[in-house]
Amino acid sequence: MDELTHFNDQNRAKMVDVTDKKITSRFAVATGKIKMHPETLNRIHEGKIKKGDVLAVAQIAGIMAAKQTSSLIPMCHLIPLTGVDIHFEDDNDTTITVTTKVKTKHVTGVEIEAILAAQTALLTIYDMCKAIDRGMLITDVHLVEKDGGKSGHFTY
Amino acid sequence: MDELTHFNDQNRAKMVDVTDKKITSRFAVATGKIKMHPETLNRIHEGKIKKGDVLAVAQIAGIMAAKQTSSLIPMCHLIPLTGVDIHFEDDNDTTITVTTKVKTKHVTGVEIEAILAAQTALLTIYDMCKAIDRGMLITDVHLVEKDGGKSGHFTY
Amino acid sequence: MDELTHFNDQNRAKMVDVTDKKITSRFAVATGKIKMHPETLNRIHEGKIKKGDVLAVAQIAGIMAAKQTSSLIPMCHLIPLTGVDIHFEDDNDTTITVTTKVKTKHVTGVEIEAILAAQTALLTIYDMCKAIDRGMLITDVHLVEKDGGKSGHFTY
Amino acid sequence: MDELTHFNDQNRAKMVDVTDKKITSRFAVATGKIKMHPETLNRIHEGKIKKGDVLAVAQIAGIMAAKQTSSLIPMCHLIPLTGVDIHFEDDNDTTITVTTKVKTKHVTGVEIEAILAAQTALLTIYDMCKAIDRGMLITDVHLVEKDGGKSGHFTY
Amino acid sequence: MDELTHFNDQNRAKMVDVTDKKITSRFAVATGKIKMHPETLNRIHEGKIKKGDVLAVAQIAGIMAAKQTSSLIPMCHLIPLTGVDIHFEDDNDTTITVTTKVKTKHVTGVEIEAILAAQTALLTIYDMCKAIDRGMLITDVHLVEKDGGKSGHFTY
Amino acid sequence: MDELTHFNDQNRAKMVDVTDKKITSRFAVATGKIKMHPETLNRIHEGKIKKGDVLAVAQIAGIMAAKQTSSLIPMCHLIPLTGVDIHFEDDNDTTITVTTKVKTKHVTGVEIEAILAAQTALLTIYDMCKAIDRGMLITDVHLVEKDGGKSGHFTY
C-alpha cells in the first residue's frame, strides 16, 4: 500500500504536486442509488410525461457539479473535463441507479468528478421529491471503473 | 401525498415560491457512511497523530459545501445558514459515520444542506485516501431528523 | 431624473447603501427573444419529443443564473430569492420568447436577476444549438414589469 | 445540417466528448447593444469625467463573466482563456455597442464566452443606470466572427 | 478573554451557531497598504489619465470579493451585505492606502468582509502592476473600527 | 521598465493576450505574517492539542483560495495549478509567518495565486481568533521567489 500522499512535512494537508505527471486520456465511471417509496418513483415517471422531468434536472445538476469538483473537494486539482455523461435506470420499483462517466486528457484522474456527479444527481432527485418523500436513502455510491495514468485500470 | 411542487404550468422546473412562508428556526440532521479496508481506516487514525488529519479536511469541506448548496442543487433557495456542525465516529474497523447538523432561521428548511455536507465530507475522505484504497463505498446517506416550518418534525 | 447612485465621493463605483431600506415583497418580470433558422426551431421542438429537451436545459440554466447575480454583476447586492419561474413560447416559426419572473422579500429589487435569468436561458439555447446554427440572434431583452420598494410599480 | 450534439442515447443532455479534438488557437468576437434615453447616455459620458465610469465597471464585469462561462452555461466545457478584450462605442445618441474578443488555445471554441461577456457588460450598464432609466433595451446580441477548430471560420 | 468559539466537542472546526443572535445594523472599516517603487506609483497615477485606471479595477475587485467572503473563509457565515465602499489615498510617493467600509443588518459582523475587500483591492493593484514591479509589499492590513452586535464598538 | 500591460487602446482594462506564450514549469513562493497578543498565539498552539487546529483550517482555506484566484482577481487568467503547499512557523511569541508555494505548467505565472493563498490563510487565522483578539495585524505580505517563463527568476 502506498503512503497517503496529501500531507506535507508539517503533517498538514497539501495539494499533491503533479507538475511532472504525463498528460494522458483518462476516464472514470461512478454509480449510486436512491431508494424511495414505490409511489414516489411512480410520480417521477408520470412526471416525465405529464408534469415535468425530475431526472432532467438531476442530469444537469450532476454535469454542472462535475465542473465544480475542485471548488468543493479541498485537495482536488482543477481538471478541464472533456466529456460528462449521465444515465439513469430503475433497478426495481423503489430504486433509481445513476451511472456517470467523466473524461479528460490531463495529468490527474477524474474519479472524484464522477462520484460527485453521481452524488449531486441523486441529491437533486431527493430535493425535487422531498415534499412527498423525506425518507429517501442515497446508497451504494462508488467508483465503477477508471483508466489512464500511472495507476492504470481499476474496476470495483 | 402532496404534489411534486417543483414544476410550473408548462411542466418545467421552477424554484418554488416561498415569498409568503414564515421565518422560523429550523434545523436538519443528516448522516452517511464510508466503508473501506481496515488498513485504510487504520491509516486515517494514525494519520491524525503522525501524518495529518484526513477528517479535519473532510470536516471543513463539509461545512463549506453546505454554504454552496444553492449553487449546486438547481431548485434550492439560497439560505443564510446560522450554524453547521459535523461529527465523525467509527462504526467498526471498516466504517466511518458522519453526522451533520445545519441550522437556520429562514422560510425554508435545510435538509439538502445537511445531506450535501455529509456527502461532501465522505467524498473528501475518499479523495484523501484514494491512492491507497479506490474501492471505498459511500452508503446509507439520509436525513435523520428535521424540525421547523409548516411540515413540522420528521425523523427517519 | 435621479442621480446615478453607484459612485462615491472619489467618483468610484460602490455598492449602494441599503441598510435602512424597508423589507417588502418584490417581483420583477423580464423578457427576451432568440431568432434562428426555422429548421433550428423545428429541431428544438422535435428534440423535445425524440432527442432531448433544449428548453429544459435553458430553464434550469436561467434559474441557476438568477441565484448567481450578485457574483456576476459587480454592484448588485446578494438577494435571497423566494421564487424563480421561466416560460418559453414561440412567436413565430423563427423566434422563441423567454419570460422570467423572480420574487423576493428584501430591501432591494430583483430586476437584474430577472434579466440575467432571461439572458442565460437564451444563451443556453444558443449553446445547445450552435452546432447547427451559429447565426442565432439574441434580442429584445428588457424588464417587463416590477413592483415593490420605494420606486413602486414599473411597466415597460 | 449536423445533428444536435448535446444529447445522449437516453435523449438527455450531456457534455459533448471532445477528448480527441485537436488543440488549436481559436478566437471569437461577439457584439450587442443597449438602447436608452439620450439623457442616460449623456450621464454615462459625463460620469466618466465627473462622477465615475460606468463603462469601466461594465468592462470588468464582462471580462470576469467570460471566465465563469462553464459555471453558468450547463453544457459548456471549462476553457482556460488566453485573452479577453472589450470595446464600447456609441452608435448614436441613444445606443452603446459593446464588442468582445475572447481567445484560447484549446480543443473547443469560445463563442459562448464572447457572447456572455457582451451580455454581462450590457447588463452591468443597465444595473448602474437603472435608477434613472429602467426602460433600457438590450438587443442585437450575436456572434460576429469565430475562427479555429474543425468548423473553421464563421462570420455573421 | 473568551474561548475560541469555532471548535466543537470533538475539537474540530464548526460554523458557530448564531441562530438566536439579534439582527442589528453593523459596519466594519478595514485598511491596508501597498508599497512600491515611486515610478510604479507614478505610472498608476498617469495611467488614470492616459492609459487606464488601476484603482478602478482594484475597487471593483474589492467590492466583489466582499460578497464572496463566506465562500473563501471556511467558518464565515453568509451575510447579505447592505453596502460596500472603498477609498484609496497616497500616503507618500511609494504607498497607497486602501480603506474599506462594509455594512449589514444581520446577526453577525462584517469584519472579515472588510478586511478581505482591502486585501483583494491591494492584490489587484499588485496584479495590474507586477509586470513593472514584482517587489511590491502588502502591509499594515487590519480592522480599523466595527460597531453593532453584542461585542459592541471596537477601534484599533 | 516595461509598460503596464493590462490596458487596451481605449485605455480600459483587458485580460492580457497570452495565446502565443510557451508552456513551461513555473512556481511562486509568497509569504506574510500575522501579529497578535502572545495569549492568542498561546491559545492557537494549545488549541492544536486540546481544542482544535486553527492552522489546519487556515491551511485548507489557503489552498482552496489559490484555486479561486481567477474568480477574484479581475485580470488573472485561469491556471490549472499542479501543486499548492503551505507552511506555518512562529517568528516569536506574537507572530505567525505563512509561506506558500504554488506550481503549474502553463503559459503564465502563479505569483498572484501564491500571494492570495498567503492572504487567505492569514485572514482565516484572524477569523478563527477574532472573538479573543480583534486587533491582529496582517503584514509583510509579498512574493519571495518565482521562476519559469520569459521574465525568468525573481527573488525579493
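First chain written, first letter: the chains are A, B, C, D, E and F, and each begins at residue 1.
Please note the rule applied: a contact is a pair of C-beta atoms (placed from the backbone, for glycine too) under 8 Å apart; a residue touches a chain by one contact, two chains touch by 3 or more.
Worth saying up front: this structure is predicted, and the values here are computed from it rather than measured.
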Chain separated most widely from chain A, comparing mean CA positions: E
Copy pair chain C, chain D: interface residue numbering same or different (half cut): same
Rounded Å distance, chain E centre to chain F centre (Cα mean): 15
Centroid distance [mean C-alpha coordinates] between chain C and chain B, Å: 31
Whole-Å gap between the CA centroids of chain D and chain E: 30
Touching two or more other chains - residues of chain D: 8, 12-13, 53, 56-57, 60-61, 64, 68, 71, 74-75, 78, 80
Chain contact graph, described as a line, ring, star, complete graph or other shape: other
Chain-to-chain touches, reported pairwise for every pair that qualifies: A-B, A-C, A-D, A-F, B-C, B-E, B-F, C-D, C-E, D-E, D-F, E-F
Complex contacts: residues of chain C adjacent to chain D: 1-8, 11-13, 32, 39, 43, 47, 50-54, 56-57, 60-61, 64-65, 68, 71-76, 111-112, 115-116, 119-120, 123-124, 126-132, 134-143, 146, 151, 154, 156
Complex contacts: residues of chain D adjacent to chain E: 53, 56-57, 60-61, 64
Complex contacts: residues of chain C adjacent to chain E: 8, 10, 12-21, 70-71, 74-75, 77-80, 106-107
Chain F residues within the chain A interface of the complex: 25, 55-56, 59-60, 63-64, 66-68, 78, 80-88, 103-105
